[in-house]
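Shared chain: chain A. Partners: chain B in the first complex, chain C in the second.
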Partner chain A sequence: MNKLKTNATLFIQPILAVIVGLLVGTIAIMLSGESVAVTYQEMWKGAFGNLYFLTNTLERAIPIILAGLGVAFAFRAGFFNLGAEGQLVMGAVTTAIITVSLPFQGLLNMIISIVAGMLIAGLYSFFAGWMEQRFQINLLISTLLLNYIAVLFAGYLVSEPFRDTSSAGGVPQTVMVDQASRLPKLITGMNLHYGFVIAIILAIVIAFIMKRTTFGYEVKMLGQNVFFAQYGGINRKKTMFISLLISGMLAGLAGSVEVLGMHYRFIEGALSNPQFAWTGLMAALLANSNPVGTTIVAIFLAALDTGSLGVERNTDVPNSISGIIQAVLILFISAKFSFEFLKQRKKEGK
Partner chain B sequence: MESLFDLSLINSTLRMMAPLLLAGLGGAICSRVGVFNVGLDGLMLMGAFLGIAANAYTNNVWLAILIAIIGTTIFSALYGYMMIDLQANMIVTGIAMNFLSIGMTTFALRTIFDVQGAYYNNEMQGLPVWEIPVIDSIPLVGNLLSGQSPIVYLGIVCTILMYIFFKKSVAGSHFDAVGINPTAAKSQGIKVRRIQYLAVLISGILCALAGAQLSLGQVTMFSENMTAGRGFIALVATMLGQSNPIGVFLSSGLFGFTEAISIRLQGLNVPTNFTLMLPYVITILAMFIFKDKNQLSALKNSAGSSR
Partner chain C sequence: MLLELKGITKKYGDFTANDHIDFSLNKQEIHAIVGENGAGKTTLMRMLYGMEKPTSGEIVIAGKSKTIDNPNDAIALGIGMVHQHFMLFPPFTIAENVVFHHEPRKSWRYDRKKAAEEVSQLAKKFGMNIDPLQIVGDAPVGIQQRVEILKVLYQGADVIILDEPTAVLTPLEVKDLLASLRELVKMGKSIILITHKLNEVMAVSDRVTVLRDGKVTGTLETRETNPEELSRLMVGRELKNNPLPEKVKGKEVLSIKNVSMTDKDSGKSLLENISFQVQQGEIVGIAGVSGNGQSELIQAITGLASVQNGSVTLNGTELTNQSVKQIREAGLAHIPEDRYLWGAAKEASLVDNMMMTDYVKQEFQKSGVLKLKNIRKYVTDSIKKFNVKTTSIDTSAQFLSGGNLQKLIAAREIQKNTPFLLAAEPTRGVDIGAMEFIHEQLIEKRNNGDAVLLISSELSEILALSDRVLVMYEGKIAGEFERNEASEEKLSILMAGGRNE
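Entry: the complex of A and B
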């Protein structure tokens, strides 16, 4: 009974946040002079209206889910990994370069290029952890700074040494991935690819690791109480490094599958401009770092994105409406500590 | 190479660094009271947009700046309310505020001006260029320092004022006390909450000016997400400058210089990506050497409320 109650309070906050977010969206729509009902209808249609839009939404959710899972994993261990964007881009650019450099194509090429991307991204995240451990360089700052360095470095790689020179001008990009080394589509004619299956499986695997394994328990302990964890014999350094490595690898995977499944090449800015990583971070926060919850919220946030594109196509409301709703959502959610705080104060008052 | 380094480079450095300096000072005053301000970028963007929007309606650049300041300060009050009263995680709130600012300005740009991407109007007057009477007449120095927008000079004045404020005034030491140990400060009768609010509001004003310099000083237009991460560079300048006004001045000067030079390097064969990377690389390297106590305690606060 008690457990049910805590579960209920866990869900009330996000649902309230969604309602408030949509309310603010309503105000914005009214300000722009469109009909609220029509706009939300268009948003629904743009996100889930038919098979094409539905699969589009799920495709958009793939990098958000994976990056979100990565961030959630580090959060669980008590580390704020703000570097998902850099790790995602590093993973993507590595995969894009490796896959076209290998002499053979097909499944093996796919596996090698994805693993390489994940490794580079994982090491990138590990590097920030190492700097914190060894030199007390704050993880928040270093991961944030490494984002810019990664995006600029990847931009250099595709605009100079690995640029596709066959098409003159335009946005810098790498050479197309061979047909045989692409992630296949789940349904022919639709954008949705096998990256979605990978993301869902990983969400379940991570949920299992968190709940059922010793390592998952250690990670959780470390996140909840460093002193207790260390008293209980948990090696902080080791757990931190491993959780950051995994976190980075997941973010890198987000970039890799997007390259092999969607764009078929690394295009400068195509992965950082839609802010997949930051949306993933929001998903992880909204879901309180629960892997399955992160997946669901990621799909929801992706639906807001694709839905707002539909809104823009068919009404006069600009698609930045989704940004406003998302920001209000996250603001509302992050205030949750205060409610507990207020409750406590009330109790003390009595 | 002659064309790379000449005297006008200093002039363009001053112009480039002004927004970074002002926002960086905003970050510094927050960090001195234990608030880690990740929302500088969003505040700047809000200032830039309001400056242009108000200018379009009032046709008066000074009134436009005033409106930008008022609007951005209100926006920063929301930010402060989230962080200080609702105890929300500072970093998450900051990121959300940045998202909100991008969303709101883009939304308003399209609904009010009915344009996509960028708004400009050739009849709109930007900030004037000021020739400083005395300095202007000094041969070399005149060329270097004169002929900037008033906000550039204001940035320098703010640096000096903030330096004096923290060094000499009682209120300044109260600010520091709140940053170092809020509980101890409270026990001494210092109004912690009020001082933290004040710092966040001041950072709102400074960021509004920084944004106005971008949209009314350097160019006279607004484009979607026109700060392009400058708020984060300003945050980095705060960290590199160890929340000290002079330090912020020097580090934003360095970043302004790299920005100015990267524009020139585009003509030569140096990849601009590397020159753009410089501020971040330098900051990471600097963090190996310096340890900013204020920043660390501000970060500790932000991490403390993270779970």
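Entry: the complex of A and C
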């Protein structure tokens, strides 16, 4: 009973945030002079209107879910990993290069290139943890700045040594992934691929780890109170490194499956421009780092994106409408943070 | 009658913190308010000081009904409050702290000289010996408290409310403070003293009002009552007396040899050459004013900080500078000195808080997967056994009262059944009921043949429970007593840095 109640209060805040976000969106639509009903209808159609749009939305949600899970995991352990974008790009470019470099194609190629992508991304995030441990470099800063390095470095790799030279000019990109080594589509003719299944399974696995395993307990306690964790004999260093590694691997996987399931190559900017990682971060924050919640919110945020594309196609409202709604959501999350901070201060002041 | 509270009631939602409280204060009287934590003492005083508003009831000052909306109103009516936690600016001088917000001026400028003069005169008038130009941060705690009182006096208070003023003081400082309070009363002030220490009440007050569960259970003339009657009124029943049975000599469990610790940054010595043993079936008490190396000693024993010199042996295993995990596995249980910092995760559930270090036991996990059913049963049983009051084991720890959380921590550590228990300030800030219960548990552990190291700044606790007492002063062991030799006087002198001849 009591558990139900606390669960309910957990969900009220994000739902409220979404409702207010849509309300502010309404005002923005009215300002642009379109009918609110028509616009939201178009948004709905663009996101879920038919099988094509629905699967499109779900496909877009894949990297957001995976990156979101990664952020959520580190956050649970008390570490703010702002480097999901860099890790995602590192994972993607590694997978794209490995898959075309291996002498064989097929399932094994796919597995090796995905694992390699995850490993590199995991190590990239691990590196930030190491710098924190060794030189006391704040994780927030290091993970954030490592993003730029990753994006530019990947850009260099595909512009110079690994550029697909068969097509002259255009955007720098790697060589096409072989048919046999691609992640298959879930439904023929649609964009949705097996990455979605992987994402859902991982959401469940992460939820299980957090709730039901001793490692999840250690991560949770470390995130809640470092001193209590140390007092109980939990090794902070070890737990930090493992959770940062897992966090980075999940973000890297987001990039790898996009490469093997959607683009079939690494295209410069194709993974960083749509802000998958940042949307994932937002999903994790909105869902309070709950893995299942993160997945649901990630799909909702993906729907906002694809829906607003639909709006732009069929009305005069620009697709920035999705940006406006998301901005309000962010405002609400930060409001929640400062609200809790104030509550805390008040209690201590007493 | 200087001040009267009539039928004061304060409700927070369904919860009644104060229920029709009647209270009065005569001129030049010290009126003590006693009661367990959560009995409503502080709530009542917050209303008198304008920090809370009563739901119903009347505040009468000098015969006139008044409403007090904020502390400024209270100060204007001559009511001042000294809070439990000092509200001072450590880098500023005593004079600057005292005159703050009421500074003497020379046209538009702050008059530094006049401030010092005024404060010096005020202190002299009330028989306090302070240097107005001393920096507050450099002054000992006893002086800082005097500064708080001077601040209130400077604001022109006739009624001074003191909230648990002796919690942070050494026994000698307590004596000084009580003498100062008497002096203040002689000079025409009236004092409300909130406390839960009955010996102080008996020593200094004229009348006592006892609160329990938000109600007045008695207002008594101090000279017509005794501590037993007061504690009965506070708790609502007779307190049990727990005599320590004769100890049976056992083998050594904890052995500390020549342990030293220095601060890495400042090079200051924190622990100097500490050596002692704790045997099976005994409670060794370490007395001392907080901040004399007890925290460092705890960290050295439990592996939370490393030592530069010496050795720590537990149950025959050498554990100097080993990890917390290794030390715990060798047989350490540890009730930490600060339950919110070290002892619990506030937002986590009672289940999570209860399982710390136990979650790896065979009973509760199999290859890393938690056995939730066993865990929930164990937590439910423990909570029942240790009488932790909560609505559910899934509520987060922050909703437990201090005493209940402390019982939860005691349950967690005592039930580990380790050969050694380190209990640091096990009853700090908990009510008498919880204190009695935790003391019983510690004695039971001792009687079962385990070793207990009790570190406490509360002398009465040390004297009641310890087979042997060590005194810590400035990072050193200043003395050792057998149970029958130890007395409050002897310990107090060593705690303050003095010597027994």
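The working rule: the second predicted complex is superposed on the first by the 336 of 350 C-alpha atoms of A that agree within 3 Å, B and C clash if a C-alpha of one lies under 4 Å from a C-alpha of the other, contacts with A are read in each partner's own complex, and residues count from 1 in each chain.
FYI, contacts are C-beta pairs under 8 Å (C-beta built on N, C-alpha and C of every residue); 3 or more make two chains touch, one makes a residue touch a chain.
In this text, all values refer to a predicted model and were calculated from it rather than measured experimentally.
Enquirer: Once chain A from each complex is brought into register, does chain C clash with chain B or fit beside it?
Expert: Superposition check on chain A shows chain B and chain C fit without a clash.
Enquirer: Looking at the overlay, what does A:F135 touch: chain B (first), chain C (second), both, or neither?
Expert: first
Enquirer: Have a look at where A:Y52 lands relative to chain B and chain C in the superposition and call it first, second, both or neither.
Expert: neither
Enquirer: Regarding the shared-chain residue A:G232, is it in contact with chain B (first), chain C (second), both, or neither?
Expert: In the superposition, A:G232 touches chain C alone.
Enquirer: In degrees, to the nearest 10, note the angle that opens at the C-alpha centre of chain A toward the centres of chain B and chain C.
Expert: Reported to the nearest 10, the angle reads 80 degrees.
Enquirer: So which one touches more of the residues on chain A, chain B or chain C?
Expert: Larger number of chain A residues touched: B.
Enquirer: Quick one: is A:A327 in contact with chain B, with chain C, with both, or with neither? Answer first, second, both or neither.
Expert: Touch partner of A:A327: chain B, not chain C.
Enquirer: Go through the superposed model and pick first if A:Y217 touches only chain B, second if only chain C, both, or neither.
Expert: A:Y217 contacts chain C only, not chain B.
Enquirer: Give one of first, second, both or neither to describe whether A:F104 is in contact with chain B, with chain C, with both, or with none.
Expert: neither
Enquirer: Could you state the shortest Cα distance, in Å, between chain B and chain C after the structures are superposed?
Expert: 6
Enquirer: Looking at chain A, which of its residues have contacts with both chain B and chain C?
Expert: Chain A residues touching both partners: 224.
Enquirer: Which residues of chain A touch chain B in the complex?
Expert: By the definition above, chain A touches chain B via 28, 31-33, 78, 80, 82, 131, 135-138, 140-142, 144-146, 148-149, 152-153, 155-156, 159-160, 223-224, 278, 281-282, 285, 316-318, 320-324, 326-328, 330-331, 334-335, 337-338, 341.
Enquirer: For chain C, which residues are in contact with chain A within the complex?
Expert: My answer: residues 302, 304, 323-325, 327-328, 334, 336, 341-348, 352, 355-357, 359-360, 365, 368-370, 372, 391-392, 394-396.
Enquirer: Quick check on the complex: what are the chain A residues that touch chain C?
Expert: Those residues of chain A that touch chain C are 1-3, 6, 212-215, 217, 220-221, 224-225, 227-235.
Enquirer: In the complex of these two chains, what residues of chain B are touching chain A?
Expert: For this pair, the touching residues of chain B are 82, 85-89, 91-93, 95-97, 99-100, 102-104, 106-107, 110-111, 116, 229, 232, 236, 239, 271, 273-274, 276-277, 280-281, 283-284, 287-288, 291, 295-296, 299, 302-303, 305-307.
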